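The same chain A turns up in both complexes below, where it pairs with chain B and then with chain C.
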Partner chain A sequence: MNTPVLISDFVNRKSFIELDARARAQSLFDEGTYKELVGPFDRIESPWLAKQGIAPQSDDGCIVIKGKIGGSPAVAIAFEGAFQGGSVGEVSGAKMTAALDLAAKDSEAGKSTAAVLLLETGGVRLQEANLGLAAVAEIISSALVLRRHAPVITIVAGTVGCFGGMSLVAGVSSYTIMTREARLGLNGPEVIEQESGIDEFDSSDRALIWAIHGGEQRVGMGLADSLVEDDADKIAAAVRDSVHKGVPDKHRTEQVELYRARIAALDTSSQIDPATLRQQWANPKGVVR
Partner chain B sequence: MEKIEFNYPEAKRLITKRAHVGVVGSGDMEVLLEPNSEEGARVFITTSVNGFGNAWKAVFDRFFSKFDGAVRIYINDAGATPGSVLLRLEQAVEVIEQ
Partner chain C sequence: MSEQVGLRGKAWFKALTGSDTSNNGDPNSVLTTTAAVGNESALFLCVVRDKDSRFPCVRDGQVGLEEAFTLATHVRAVIAEDRDKPRPAKRPIIAIVDVKSQAYGRREETAGIFFAAATSADAYASARMAGHPVISLVAGHAFSGGFLTHGYQANRILAFDDAGITIHAMHKEAAARITRRSVAELEKLGHEIAPMSYDVRDYAKLGLLFKLLHADDPRHPTSNEVAEVRRAITEAIADARKGKLDLNNRWESDAAKETRKGTLAVRAALEAQWFNE
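On to the complex of A and B.
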């Protein structure tokens, strides 16, 4: 017979990706410390979807949970990827902004409250275009206020990934946690293919897509902080670590010169493949380190 | 999109808990089940698929032939099949009767 199966850990683990947004958010908190705010029974639905013939969802695909993580106050805001691609509309955007603002208010008053954003989203909800865009701006400005006082932690676990305006929110966060299954990028693969042609980017080429947008590459390039297995306990532990680390000395988005220099140093005379990109990025030519 | 309502005045058993299950994702739906303040049960459906009123009626007639709770059921549906609808309803009942 074959050697004993070595995948029992994998089989017995509690998958994070298989949980819905609410269960994902709940799994991060200390047992018995959390409660949901503006939950489904408050029935604050999108007023715009029904007008366009689309059934709304009673929480607008945005779940807000307040509680304690590793003993510290925290709020988790999770987007449900299965509802309208996790898109951000007027209501879901307002829920996220309000949660971040309340966390900032508590933090300014001396009760440091971290925010955990679980982003499974294609970005702005096209049916609520302008309101969604405004929401992204509000979320970013609220995150920028909060991150001065307490860490803003983004989790992109998959399988939707995090794209569009919400990828900017991931960009301004203090720490980003990803799995190998997750993808993070400004323009999604299908959007790039549609706009620039299949020669530019073949969105059906999964190996290519994950080599560029995938968690391993993002963490490898330092654009995300930790690569964690699809395991609810390990992700919760990574979040607790990030909460305890507190506010980083310098956020990624405060290091404009560093990233500008890295981009300038790339050799674009030939097509760079993802592995070479990671290498060149880590050891930029002509950049004093 | 279509809105459908049903009344089941015979369902009179007092219910105290509430349940929320499911996601409004393709081929799925969400159910909010809560105690009704009046006697009997009421069902409010919002579905993005038009023209299936009879199928909804058949599913709920069957559901209320076994379930007698005085509840309000709110459904947001994104094209769940009758089988999935019944499973989601049974899941919601499981939550309130735990």
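On to the complex of A and C.
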């Protein structure tokens, strides 16, 4: 019997953004193939937060899950935006670095193991300042080693966004998947307004923020690869596609000449219009689902 | 900030290379040249202030789009030129670091400074992984995204030991505001919690540094001080060539065994569980 569709797909979808970091990571794996490593019961907490009167969390806001994605070995490392803004501390940073290193070790031994990084983070945790910054440098280094052997896939879904040092990790990824709700940039609007003034960036201007940092813009201008609806099944499908594509012939961060020339061509006498820039840099390969 | 950022970096770039002008085609804010160190030639790179930069938000010595792509270009050129040389013959790459921060600007965000910074970090890391000794000399400030872009992928990091050195994730005023503390409280916490400290001698406890150096007035180095720094760079190059290509030395160092117990615990636990299937 044919009944009219009264409830749209949008309402029936399983939102990815509404999931916590653990559920997001789990939703990417083939059913029954995954397990969490160094989980909350291992109780490796931040050694620095309690000394400052801040309650630590037994997983330090970083979830590591190993299993199979589309039949291939993979590890997902997810930052929990709800704990300390998804910030990178010593322990959460070390989890990501160590997981990337182990995936590289397996990959070098012939068992190609992709990494999926779920980045909901404001960057370095200022309560662990220099160890957070050092961890970011180490994550970048380990991601660069792994991506020679297996794809490093970043997902920025929302709503925290991916900012600060961790945006460089997205930058060195093989593939970056974003939703329209997600934002990706080095400096968040509040920080720019604080450092350079409201004339430089009005952090209350939501339209401006998404025009610059939003997923549609980043994919459209070619600094991210796939724009996906906030739907756990579609995001999992995008991740499977990226795993199967494998290591790209040339990573974006190796294309220095192209981007240096694009920056040289910018007119900086006034602010740059995001829509015009997107047209100029248009990414024909950007996938929209 | 009591001292203008970039002056120390420029002073040491000139002291070590004899040059203080940028190359044709490069922005005035990036100095690069090949100069002798020990018995070999090395690529030196430094980001300096350019008060006339066409990007307003880098005029105080911040690292922006042009700076990142220019650094990446020069580092990648050396990798390509030395591609077929054996590891001991790969040229050292010396990053002289005195950077206020990354550029906090709308132009930069619009054109993807996150990606520009990643490009430069990739170039330095690729040089290290290809076997080039990559050495950072922190001559002044090494802040946040500025340091991630220029210097933090080095095999070995050297820094001066005086109060003009600051290696940190964020300057004091902003860090205090974000963590809801006064600057005085933040400074007090820094004495108790090494990773929060703004004092380079506390930074040295984290195990990330190869060596602390001293100059009485780092803006005006004496010939003896320059000779001493050259010796330290040569020593760091030799040590890097003996070592692994990754950054593991940072958490395997003696100091890290004390301060980075969390890192070491995570690595041990994850490795044990990873292979236990």
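The rule is simple: the second predicted complex is superposed on the first by the 272 of 289 C-alpha atoms of A that agree within 3 Å, B and C clash if a C-alpha of one lies under 4 Å from a C-alpha of the other, contacts with A are read in each partner's own complex, and residues count from 1 in each chain.
Keep this in mind: contacts are C-beta pairs under 8 Å (C-beta built on N, C-alpha and C of every residue); 3 or more make two chains touch, one makes a residue touch a chain.
Remember, it's a predicted structure, so these values are computed and weren't measured experimentally.
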{"item": "Fit or clash between chain C and chain B when superposed on chain A", "value": "fit"}
{"item": "Chain touching more of chain A, residue-wise (chain B, chain C)", "value": "C"}
{"item": "Touched partner set for A:Pro56, first chain B, second chain C, both or neither", "value": "first"}
{"item": "First, second, both or neither for A:Glu80, with chain B first and chain C second", "value": "first"}
{"item": "Touching partner for A:Phe41 - first (chain B), second (chain C), both, neither", "value": "first"}
{"item": "Which superposed partner A:Ala237 touches (first chain B, second chain C, both, neither)", "value": "neither"}
{"item": "First, second, both or neither for A:Lys95, with chain B first and chain C second", "value": "second"}
{"item": "Chain B versus chain C as contact partner of A:Leu19, first or second or both or neither", "value": "neither"}
{"item": "After superposition on chain A, the shortest CA separation from chain B to chain C (Å)", "value": "14"}
{"item": "List of chain B residues in touch with chain A within their complex", "value": "1, 18, 20, 23-26, 28-30, 32, 34, 46-48, 74, 76-78"}
{"item": "Residue numbers on chain A that touch chain B, as the complex places them", "value": "20, 39-41, 43, 45, 50, 53-58, 61, 80, 82-84"}
{"item": "Complex interface listing, chain C residues touching chain A", "value": "54-57, 65-66, 69-70, 72-73, 76, 101-102, 104-119, 121-123, 125-126, 128-129, 144-145, 147-149, 152-153, 167-170, 174-175, 177-179, 189, 192-197, 203, 206, 208, 246-247, 250-251, 259-263, 265-267, 269-271, 273-274"}
{"item": "Contact set on chain A toward chain C in their complex", "value": "37-38, 42, 44, 46-48, 51-52, 64, 66, 90-91, 93-95, 98-99, 102, 123-124, 126-138, 140-142, 144-145, 164-165, 167-172, 184-187, 191-192, 194-196, 200-201, 212-213, 218, 221, 223, 251-254, 256-257, 259-260, 262-264, 266, 268-269, 271-272, 274, 277"}
